[in-house]
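Got some structures for you, see below.
Next come two complexes built around chain A: one with chain B, the other with chain C.
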Partner chain A sequence: MNRLKPAFARLNKLPRVALIVIGLFLALGSFAPWLAPQDPSAQNLLETGLGPTAAHWLGTDHLGRDTLSRLIIAANTSLVSVGSVLIIAMTVGVAMGTIAGYHRGWVDDLLMRIVDVGLSIPSLITALAVIGIVGPGYWTMVLALSLAWWPMSGRISRAVAVSIMSKPHIEALRVLGASPWRIYFGHLLPGTIGAVMVYATADAGTAALAVATLSFLGLGIQPPTPEWGQMLVDALPYLESDPRQVILPGLALTAAVIGFNILGESIALNRIPKPLSRRTLALRRIEVAGWAKENSDA
Partner chain B sequence: MSFNRRTFLQIGSGALGLAITDATFTKFAFAEGAAGTLRVAIAKPAGNLDPQSHYAIWAIQDLMFEPLVRYGKGGQIEPCLATDWKIEEGGKTLHLTLRQGVTFQDGTVFDAASCKWNLERWLGLDQFSWMNCSKYFQSLEVIDEHQIAVHFKEPPLALMQELSYTRPPRFLSPKSVDANGKFVEPVGTGPWRQLGADDTQSVFERYDGYWGDKPTYQRLEAKVIPDPRARVAALRAGEIDLVGGFWIAPLTPVEAKQLEAAGLNVVIDPGNVTLVMAFNPDRTEALKDPQVRKAVSIGIDRAAISQALYQGFARPAGNLFSDALPFAGTQHDAPVRDVAAASALLEKAGWTGGPVRSKDGTPLTLEIVVSPDAVPGSRVVAEVIQSEMKEIGINLIVRSVDHASKHTDMLERKYDLGFFLTYGAPYDPFGTVVALCLSTFKNDVEGKLFTDPANLDPLINAATAATGDQIAPSIQKVYDWLRDNDAIAPLVYVPSIWAHSKRVQGFTSPVTEYDMPYENIVLAE
Partner chain C sequence: MIHFISKRLRHSLVLLFMASLVCFTLVVSAPGNVAVLIAELRGAVATPGYVEKVAEEIGLHKPLLMRYAGWLGDAVRGDFGISYRTGQEVSADLPKRMLVTGTLIVGSAVVATLLGLALGFLGAFWPYRLPDRVSRGLALLGASTPTFFVGALMIYGFSVTFQLFPSFGFGGPESWVLPWVTVAVLPAAVLSRVVRVGLEEAMASPFVLTAKSKGLGRTAILFRDALPNIIPVFINALGTQVGLMTATAIIVEPLFAWQGVGDYFLQGVKFRDFMVVQACLLIFLAFFIVVNLIVDLAVLMTDPRVRRQWS
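Then we have the complex of A and B:
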C-alpha cells in the first residue's frame, strides 16, 4: 500500500474534474459493450427523435436508435481510434527522434528534414490526402491520422534524446565502453518515452477532435459504428427541432477534449520544478540550521 | 474622468439603443429595397450562361433563354418560339413555324435567320451527339422569314422533348458573341434581362419587350447561399423570398417541416425523379442471381423510408418512372417489405445460416457506395437498408465517399449496390433508359444502372426506334424486363420541395427540376 502512496500523491496534484472526466471516458471506452443498455445500431423508425424516457434515458436519434448506448459505444470508438493513432504515431516518432538524437550528424539532419516536411503540411490535409488515395474506412482513418501525427512526436523525441545524450551519466557509460544497444534501449529510449507520453496526453484531445472531424466530413468511421463526430453531423438537420440530438454528442466530445488538454497541461506543469514557497524556504532553513548544529555537536 | 456605475449604464444603454435603431432602420431599408423584387436562393454562382456550355445553373439560363417548344405538365409539348411544328417524311423532317413579333433583349429580331444561326451552333456537333436530333442532323433549310425545315438522316427519338431542353437548344442573340463566335453576354428572348452577376448574386430586370405574359414584378435577384442551413435562416429572416428546387437550392424534407412549423409556405410536388437502387452483378457473384436481387428489394421497407426520412413527402416507388412522366408504363404498387419471403428466397438461392448467410463458405457481404453530396439523404437511407439487410442475413457495408469519388466508383463499377437518380422531365423516360441501361451508349458521368447486351439492349433499341402508337408498348417491354428480372430496385419518387415567404403569392412548382418557377408569382408588398 505504501508503494501506491507516491502514485496517489501525484494524482492528487492533478485537477480533479479533468481526472474524473478522463477516468469516465476511459471506463466507458473500455467497458462500452457491457455498459451500453441497448444495441446501438438497432433502429426503430416508429420511435425517431424521442425525448428521454424510461426505456431510452437520453432519448432516440433520427433513426430511433438509443442515444445513450450510441454515446457509450462512441466513447469506445474514440478511445480505440485515438489510442491507435497515438501508439502508431509515437512509435514512429520516438524511433526517428531517438535515432536522430543518438547519431546526430547527417542522420539527424536527414531525419529532421523529413520531420520538417511532415510538420509543414497541416495534419488534416495529410489525413484527407491519404483517405482520398486509399478510400474511407476505420483503419484508413487511423493510418491517415498517424501519418499526420508522427512528425510532432518525432521532433519532441529528438529534443529529449539530445538532452539525455548530453548528460554526464551517458558520457560515463560511453567511456566505460557500454554498447550502443545498452545506451539506446537501457537509457535513451525509456527516458524519451516518459517525456513524450506527457505530450501524448495533451495530444489525445486533439486526436479525438481530428477523428470526429473526419467522421463529420463523412470520411472517417463508417456506419453503423457510432462516433461522436458522425452523431453530430447526423443530428445537424434536427438542430432546431430537436437540439438534444446535437448537444449530447457535442458535450461528450467537448468534455473529452477539454479533459485531455487540462490533464496534459497539468502533467507537463508538474514536471517543471517550482520555485520554493516561503513556508518551504523557512522549513529548509530550519533544516539546514539543524545540520550546522549537528556538525558543531560532532 | 471618473467612470462610475451610472456612467457605465448610460453608455451601455446608449449603445444598445443605437444598435436596436440601426437594426430596425436596416430592416426598413431592406424591405424598401426589396419592393418589386423577387429574391431567390441559388446554391452556387450562376456560372457561364452560354446555352451551349454545360456549366451554368439551368434555372438561371431558363430566365433569359427560350426554346422552340416548352415541356408542359405530363409531358405535353407547348408552343414557345415556334408556334407550330410538323414532323414529316416519317420523322426525318421537322417543319417549324416561328413566332412573329419576338425580339431578343438587345433588339435583334428573332426570325428564321437568327434561328438558323442558333441551331447551327450545336446541331450536328459531336459534343451534342447525346441528343438524337444532333446525332442524326443532316441539313437546315430556311423556307421564308418565319419558317424553317430541319432534315435528319434518321427520325430522332423524342425530338420535340429534346428541343425543349435548357441546353443546348435555347436561343441566344446572334449579336451576343464576338467575332470568333465566342459567347460574350447572355442575351435571349426571355422575360428577364441580366443586369449583372458576380459570386454573390445574379440580378435581372424585367424585359418589357417580351412577347408573352410579362412578370408582374420588376426585378429578380438570385442570391448565392451555398449552405443549406443559411438558406433556411435567410428565408426565415425575410432576406430571400423563395428557396427550393433540386438543382437550384435544394431543401430537405426536414428543413421543409421546420419552415412549415415556422409559418412559411411549403409547396410539395410529387416530382418526376426516382431514387433507384442499382445492383452490380459484375462485381459480386451473389447478385447475378435474380432471387438474391429480389430478396434485397423486398427486404427494404420503402414506406418507412418515405415516412421517416422524407417526412412522408416521398411516395414509395414500384416503377422506374412515376406517372407524372409520359410513357411511364403500367404503374405497379411499391413492393411491401416481407422479411419471411426475402429469407425464403435467399434460402432457395443457397444462402443459408446466420447471423450472416453464407454459401460454399462465402459470407453474403455486399458493399453499398453512397455520397450524400451526390444524392442528398442517401447515407441515411443506406443506414436504414443496412439495418434491414441484417435482419435477412445480409452483411451490408456502407462506404460513404465524396461526390467525385462516387462518380468514379460508379463509372468503374466499384460497388455492389448503389443509388441512382433518374433524370426526370424533360429527359425521361428515354434519357434514363438509354443513358443508364443501354450497354452501347457511352455514359461517362453516372455509369450504368443495369445492362444486359443480349436481352435488354434489343428491347431498348426497339423502343427507341418505335414511332407513334408503338412507343408505349415497346417501352413497356423494357420496364417489364427490368421488373421480371429484378434488375433494379426503385425506392421512392423524390418530391420537389419549395418554400416561400408570405410575400410570394400564386406560386406553383415548376414542371421540371430545370426550370425557375417565376411565372405565376405575384408579390404582395
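Then we have the complex of A and C:
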C-alpha cells in the first residue's frame, strides 16, 4: 500500500476520480449480494413507482421492486459478464497473436487478415449476427461479444510478440539450444499477457456498454435478472410518469463507462505511473551512472 | 491518379466478394436443420416427408459452391430470397427501409460534422482555457454516454417535458430532429477531439510561424492555414464514424419506431430469420466498403501530398 501511495499522488485529478469510480464499481459488483439492502426481485404491487422513502432509498419501479438493490445487483451482473467476455476474448486473442508473432510468414498474414476483417465490422453488428444465427441466451451473448472482441487483443498481442521475438535474449536462447516450447511458454507468452492485460482493462468500459446495449435490445441478459440496460428498457414505457427509473440505471452505466474511458485515455497517453519495483530502480541507477560516466569522459 | 482510382476500385471489389463469402458462410454454418426450422415456422408439423420437401425446395441438396453461386447471382440482382418467418420476399420493402436509414445516417453525419467542428474550434481558439475544458468535458461525456440513454433523455427532455418534437415515427422534418441528434452525439464527441488535436498540431508547424510573421491574426491563421490541413484527417475520422452509425441505427431505430434497415436486422436477429439477417448484413458490409472508397477518393481530392504521390 505504501508503495502505491506516491503513484496515486502523482496522478492528475481526472484519472484519480476514474480510479475511485472503477473501484466502487468493482466493489459493488463483487459484494453485491451482501450489499443490496433488499431482495432485488421481490415484487410489491402495492408500492409501485414510489419516490425515495426511508424503506426504498431510490424508490421502486413499476412492479414495486427496490431500485437501489436492483442497481447494485446489476453491477454484479455487468461485472461477471464483462469479466467472462474479456477473459475469453483475451485468451483467444493472445493465443492467435503470439502464434502469428512467433511464426510470422503466411500464418501471420492469414491471422492478421482475419483480424483486419473483424476490426473493420462494428462489434455490435458482429455480435448481433452471431446471436441471430445461434439464437439468444446468456452464453450466446458472452460468446458473441468475445467473438467481436478478440481481434483487438489479437492485434495488440501480435505487435508485442513481434517486438519480444526481435529482442537479443530470444536469439541468445536459440543459440543456447532452447526448445521452441521453452521460448514460447517461458518467454513470449508471459511478456505478452502482461502488456495485453493493461489494454484489456481500458477496454472494459466499451464491453460493459455492449452488454448493456444487447440487454437493452432484449438479446442479452433476460429479466428478471437486473442489468442496467435491461432496467432502462423495462422502465421506458413509464417514462412520462416515472422518469427516475430510466435515468438512474442510465447514470450508473454512464459513470462506469466514463471511469473506464478516462483510465483508457490515461493508459494510451502513458500518464499512469507504474509502481517501481526494486529491480527496475536498480537498473535505472546503473543506467544513470552510465550517463554520468559518459559526460565525465567528454 | 487514374492508376490510384482503378487500383482502389479493384480493391473494393475484392472486399465485396469477401463480404459476400462471410455472409454466406455465416448462414450455412448455422446449427440445426434449416429445413426443420422453416417447416415449423410455416406452422406445419415437421414430418420427415415435409422436411424433405422443404429441403428440396430451398435447394439444400445442391453442392455448397452451387448454392453460393445461385445466392450471389440473386443478391446482385437485388433478390435476397424469401423470409423464413413471413414467407414474403426479403427485398419487398428494402428500398423504403434503406431510404429511412439513409435519412438517419446522412442527417446525423451533417449534425455530427457541425457539432464536432464547433466544439473543436472552441477548444483550439482558447487552448487550455475555460472553453477548451468545457469542450473536452462535453467530448468525454458524449463519448461515454450510452446511445440508448441519450435517446431516452432526448425523448424525456424535448418530447415529454417541453413537447417540441414528436417522440416517435418517421413523419416530417421535425420528427427527424431527435433521432439525428441522438445518433450524432457520439461521433460529434470523437470528431471534436480530432479537430482540436489536429488544429493544435497544425498551429505548431513552420507555415503558421510564417503566417504569424506576416502579421495575420489568430482567427485568420486558424481558418486559412490550419483548417485546410486537418480536412483529410477529419474526412477519415468522419468516414469511420459514419460506418459505426449503422450499429447506432440498430439501437436508435426501434427506440423512435423508425422502420429502417437497422430495425429490420434486429427483427431478423430476434426471430432467427436467417435470410433477413443475411441480407441486412450484406447491405451493411457493402455500405462500409462504399464509404471507405468515398473517403479514400475524398482524401485524394483534398490532400495535395497524397495526390502528388500517385500522379
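Keep in mind that, in the parts below, the second predicted complex is superposed on the first by the 252 of 298 C-alpha atoms of A that agree within 3 Å, B and C clash if a C-alpha of one lies under 4 Å from a C-alpha of the other, contacts with A are read in each partner's own complex, and residues count from 1 in each chain.
As a working rule, contacts are C-beta pairs under 8 Å (C-beta built on N, C-alpha and C of every residue); 3 or more make two chains touch, one makes a residue touch a chain.
Computed from a prediction, not measured in an experiment: that's the story for all the values here.
With chain A as the common reference for superposition, the partners chain B and chain C occupy clashing space.
When the shared chain is aligned, no partner comes close enough to touch A:T91: not chain B, not chain C. When the shared chain is aligned, chain B and chain C each come close enough to touch A:E240.
Legend: residue contacts after superposition of the two complexes on their common chain; A:A129 is shown touching chain C, with no touch to chain B. Residue by residue along chain A, chain B and chain C are tallied for touches, and C comes out ahead. In the overlay built on the shared chain, the residue A:F216 is in contact with chain C alone; chain B does not reach it. By the touch criterion defined above, A:T48 reaches chain B but does not reach chain C. When the two complexes are overlaid on their common chain A, residue A:Q38 makes contact with neither chain B nor chain C. When the two complexes are overlaid on their common chain A, residue A:L232 makes contact with chain C while staying clear of chain B. When the two complexes are overlaid on their common chain A, residue A:S30 makes contact with neither chain B nor chain C. Clashing C-alpha atoms with chain C appear in a single stretch of chain B, chosen from 223-231, 259-267 or 493-501: 223-231. Judged by the document's definition of touching, chain A residues 132, 135-136, 218-219, 236, 239-240 lie at the interface with chain B and also at the interface with chain C. Those residues of chain A that touch chain B in the shared complex are 41-43, 45, 48, 62-64, 132, 135-137, 218-219, 222-224, 234, 236-241.
Every residue of chain C that touches chain A in the complex is listed here, in rising order: 18, 22, 26-27, 29-31, 140-141, 143-149, 152-153, 155-156, 160, 243-244, 246-247, 250-251, 254, 265-266, 268-270, 272-274, 277, 281, 284-285, 288. Residues 117, 120-125, 128-129, 131-136, 205, 209, 212-213, 216-219, 229, 232-233, 236, 239-240, 243, 246-247, 250, 253-254, 257-258, 261-262 of chain A are the ones that touch chain C when the two sit in their complex.
For chain B in complex with chain A, the residues that touch the partner chain are 229, 252, 254-255, 257-258, 261, 301, 304, 307-308, 372, 379-380, 382-384, 386-387, 390, 397-402, 405.
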